[in-house]
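You will see chain A twice below: alongside chain B first, and alongside chain C after that.
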Partner chain A sequence: MYSRRAGAVVWNLSFSHPLNDWEVGDFASLLTLLESVVVTESVRDRRVWASNSSGRFYVKAYLEEANPGGIVAFPTQLEPLSALAAEYQSGSRLARKNKGLFLCVSVHVLGEEYAAIRRTRGDGNCFFRSFMFSYLEHILDSQDKAEVDRITAHVEQCKKTLQSLGYADFTFEDFFALFLEQLESVLQGSGNSISHDELVTRSRDQSTTDYVVMFFRFVTSGEIRRRSEFFEPFIMGLTNSTVEQFCKSAVEPMGEESDHVHIIALSDALGVPIRVLYLDRSSCDTGGVSVNHHDFIPASGDPHNAAGGSSDTINPIITLLYRPGHYDILYPK
Partner chain B sequence: MVDFARVQKELSECNRDVTISGIRIVPQSDNLLHLSGTIPGPIGTPYEGGTFKIDIILPDGYPFEPPKMQFITKVWHPNISSQNGAICLDILKDQWSPALTLKTALLSLQALLSAPEPDDPQDAVVAQQVLLSPVLTPMHPLDFHLSFFQYSLVSICVWAPQYLRDYPTFAGTARYWTETFAKTNSIGNEEKVQKLLEMGFPEDLVRTTLKEVGDDETMALEKLCPG
Partner chain C sequence: MQRSVVKKKVMKANFVNPVEETMTSSSAPSRKALSKIACNRLQKELVEWQVNPPAGFKHKVTDNLQRWIIEVNGASGTLYANECYQLQVDFSEHYPMEAPQVIFLSPAPFHPHIYSNGHICLGFHIANADILYDSWSPAMTVSSICISILSMLSSSTVKQRPADNDRYVKNCRNGRSPKETRWWFHDDKV
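Moving on, here comes the complex of A and B:
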């Protein structure tokens, strides 16, 4: 792992894959951390991070030991947008990666329109996790029965799409059932309705959320395959793979990150408008102090959404903040 | 927590059309965590006519985590270890999705038998064989352990899959292994094999000897005990 060159310790780290841009910051801090390590060669090696009783090493156990104050639970509690600004000023991980005074300004601009942020777990499923929480919260707050009926019809349609694409029912039915169950539980007066606090708790449960994430992945994949001619050019531009390969390798496996293709497909399939604000280097191109946003409005021709027509009449139900490699939930003022 | 209801559905779904697909999955224990699957060798490949048995273990997180699969039947293939049957296939690793099933995974293994992925070899021996001995006759399984020892003395970084550089040699070896380890008669012999194994003879030797003497247990034993 390390060698001595001219008296100085040199660490030879090897990587299983090339560094992603969001990992560069972490790697830099690892190197800084390693610099402070003094290796005493006369002392026998020993394990500092002990295995558990079954002889296996768990990152979780290590984290618990390293963070006695507790690990941050995702989705987090609502934080004022000033927390985001503070993060950039103090130069935290994401901020350092984005290097930015300019972004600092952008965050303040963001603060004019948005009141708060809720962070989601950064495990590659964050778009779907954000969508899940944000949508269920919207239903919980609005008690919009008509919207629930509308999306339920869409979910039914998605199920038929998957069946027609040749998916066996048992591969997806559990995931669909669990989503509908969550949907029902946020409507009050259904017998097993839940409070806002409980929605947060439930959204932190790995098993429940994994099922819902997988539900969205099925819906997204089904929509892309159903309209493969429409999506093909997007996918070719993004990954140079076929629609089939893309769905198998970038949509259906858990932990695969979402791009605009996923967002368009999910938004269209469920008929839910989504707004995404982009806080990345591309913001610089505009030259001014504005934050780019893009509205994903469900494809027209949809009987449930035909009323709108012009895009500015549709209010996005879900607003997300995108920073390279990650989505969080934003709350407008 | 493994979703047993789903596993149950998968098994009945898969075994319902076993006559068409030839793919079968049966539990090895009563808790459905340990299964075994069989796939027929694809027609038109050196594996044709063989029946390949695969050990399947379901991890706690199934179907969110991939099933652990390993060939029990010995097979000569660049992406399958000829030593322990370990498989190198993306969908059994990071490309797994809950949208896949045990049956689709087994179908992928069958596809892998038809179309090896030489850029991602699991078996260094199969991959290096040609590189080290340019003129090779189809490899006899009995020579294999010795050869493996020789090969492992040389550490080579260039992957030059045998089947790409010298397909006839590769196909010949693969076919020989299929004949020896994956044919129905060698599977029907399980009892005799087991008996001889208990006497302490190595499995490869037992199977090839049995085959040589036309599955006659007594003759095989005589042959196995020289003098």
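Moving on, here comes the complex of A and C:
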């Protein structure tokens, strides 16, 4: 991590995942901090956490120290896309210093089609959290009763799938009930309907969202197992494990990150089209001006655009921005 | 993917704060009341157990929903045939989002993955993760854990303690819970 070259201290940090771009700013300040430290080599090393009088490290104290304005609540309020551009600019000094760490992506291109971004908590459940908020928000805004009926029928189907796969009802029914409750609450006139602000507040409540995330994980796992021959080649390519092992270790446990297998399965199971925009290094190959996107269109059931007339274009209900290891919600113009 | 799994494990391990954990927790779980959801789920799980108990196990009736005591009978034809042990299962207020804590009450069976203090390393070797604490999910049940434990006992070829038993048990004296242990998989055969 630390070496001496020509009398100067050189820090060589390695991370277990590539830096996300919103972490780059923090990384820059860390480096600045490290460079200001004078190392005395004659003294024996020991670890001291300077912010604590005891010198001991506490996660809570660290979080308070790191977020002086209070810990950011997720999902965040809507931010204009320019916030994303600013994020890239703030990292530019480091980008010069550390080529390759940085994603050479034109946020400008993104700005032509998208107006705003809402960030979600990065804890391995962000795809499901984004899906939850985005879908409930769509229903709240559109008051599309037909869509609610449609997805409710799909949820019922998912329940039957899990039963036929041998899941005991008590393992999943509370999670299903909680999702349906959320769905009902965003339809106005149901008695306990909620406002947009209330939806944001509720989506910040850890226990509610964890339960909804778990609902999605059950649905995803059920769909993958139900169509295991279809998913097997994808899963073998990812992990070299069987479909069942994959579901047990990478789908059902909380905090396991979502891959395209999860997205396909959830989109198919609930019949909800999802668009994912990719900002990653692969964008660089094409000269850095294009943003790739992939549409996940439900394979079975009624395609959502059926009423729209045009069968070639889909209108994704949910649009997510993917940056390595993380999903946020995008809002088209 | 295989590589990324390993990386994530490393990161998880880094986030465990040894100082804080050992200072605030004890092997007797904090007696925080079960949440309504947890209570509801446990009641349903207990009813299901009574209707359809896993073979070789017996739930000892108590009025405590938060701590189950379960008798395990070694399967016939295995090293543990005709032996009876007791499991203690403690549920946190966040069950089933959080894994229950499962230990053997003294005397714990001699087994390469069971420590003399009753802590169990319930390895799920293909994914190289402990099914109890690394890849727990609400889809699992007390019954499914019991079946895994019995299968672990049944496949054992030697009755002996883990190689690092003394060191591990000594480290647990300050009240370390098995949930905080990042198990080291010494043996893939058992």
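Things worth noting here:
Everything below uses one rule, namely that the second predicted complex is superposed on the first by the 240 of 333 C-alpha atoms of A that agree within 3 Å, B and C clash if a C-alpha of one lies under 4 Å from a C-alpha of the other, contacts with A are read in each partner's own complex, and residues count from 1 in each chain.
Here is the rule we use: a contact is a pair of C-beta atoms (placed from the backbone, for glycine too) under 8 Å apart; a residue touches a chain by one contact, two chains touch by 3 or more.
All of these numbers come straight from a predicted model, not from anything done at the bench.
When both complexes are superposed on chain A, chain B and chain C occupy overlapping space and clash.
Greater residue coverage of chain A by touch, when chain B is weighed against chain C, goes to C. In the superposition on chain A, contact is made by A:M214 with both chain B and chain C. Contacts of A:N240 after superposition on the shared chain: chain C is touched, whereas chain B is not. By the touch criterion defined above, A:Y167 lies against chain B and chain C together after alignment on the C-alpha atoms of chain A. In the superposed model, A:A83 makes contact with neither chain B nor chain C.
Using the contact criterion defined above for the overlaid structures, shared-chain residue A:F175 touches chain B and also reaches chain C.
In the superposition on chain A, A:S249 makes contact with both chain B and chain C. Among the candidate segments 76-84, 130-138, 148-156 or 202-210, the part of chain B whose C-alpha atoms clash with chain C in the superposed model is 76-84. Note: residues 167-168, 170-172, 174-175, 207, 210, 214, 217-218, 221, 248-249, 252-254 of chain A belong to the chain B contact set and to the chain C contact set alike, using the contact criterion stated above. The touching residues of chain A, counted against chain B in their complex, run 167-168, 170-172, 174-175, 207, 210, 214, 217-218, 221, 248-249, 252-255. Those residues of chain A lying in contact with chain C across their complex are 16-17, 56-60, 167-168, 170-172, 174-175, 207, 210-211, 214, 217-218, 221, 238-241, 245, 248-249, 252-254.
The residues of chain C lying in touch with chain A in their complex are 1-2, 4-5, 7-8, 10-11, 15, 17, 19-20, 35, 37, 40-41, 44-45, 48, 94, 96-97, 124, 126-127, 129, 131, 134-141.
Only residues 1, 3, 5-6, 9-10, 13, 64, 90, 94-101 of chain B touch chain A when the two sit together in their complex.
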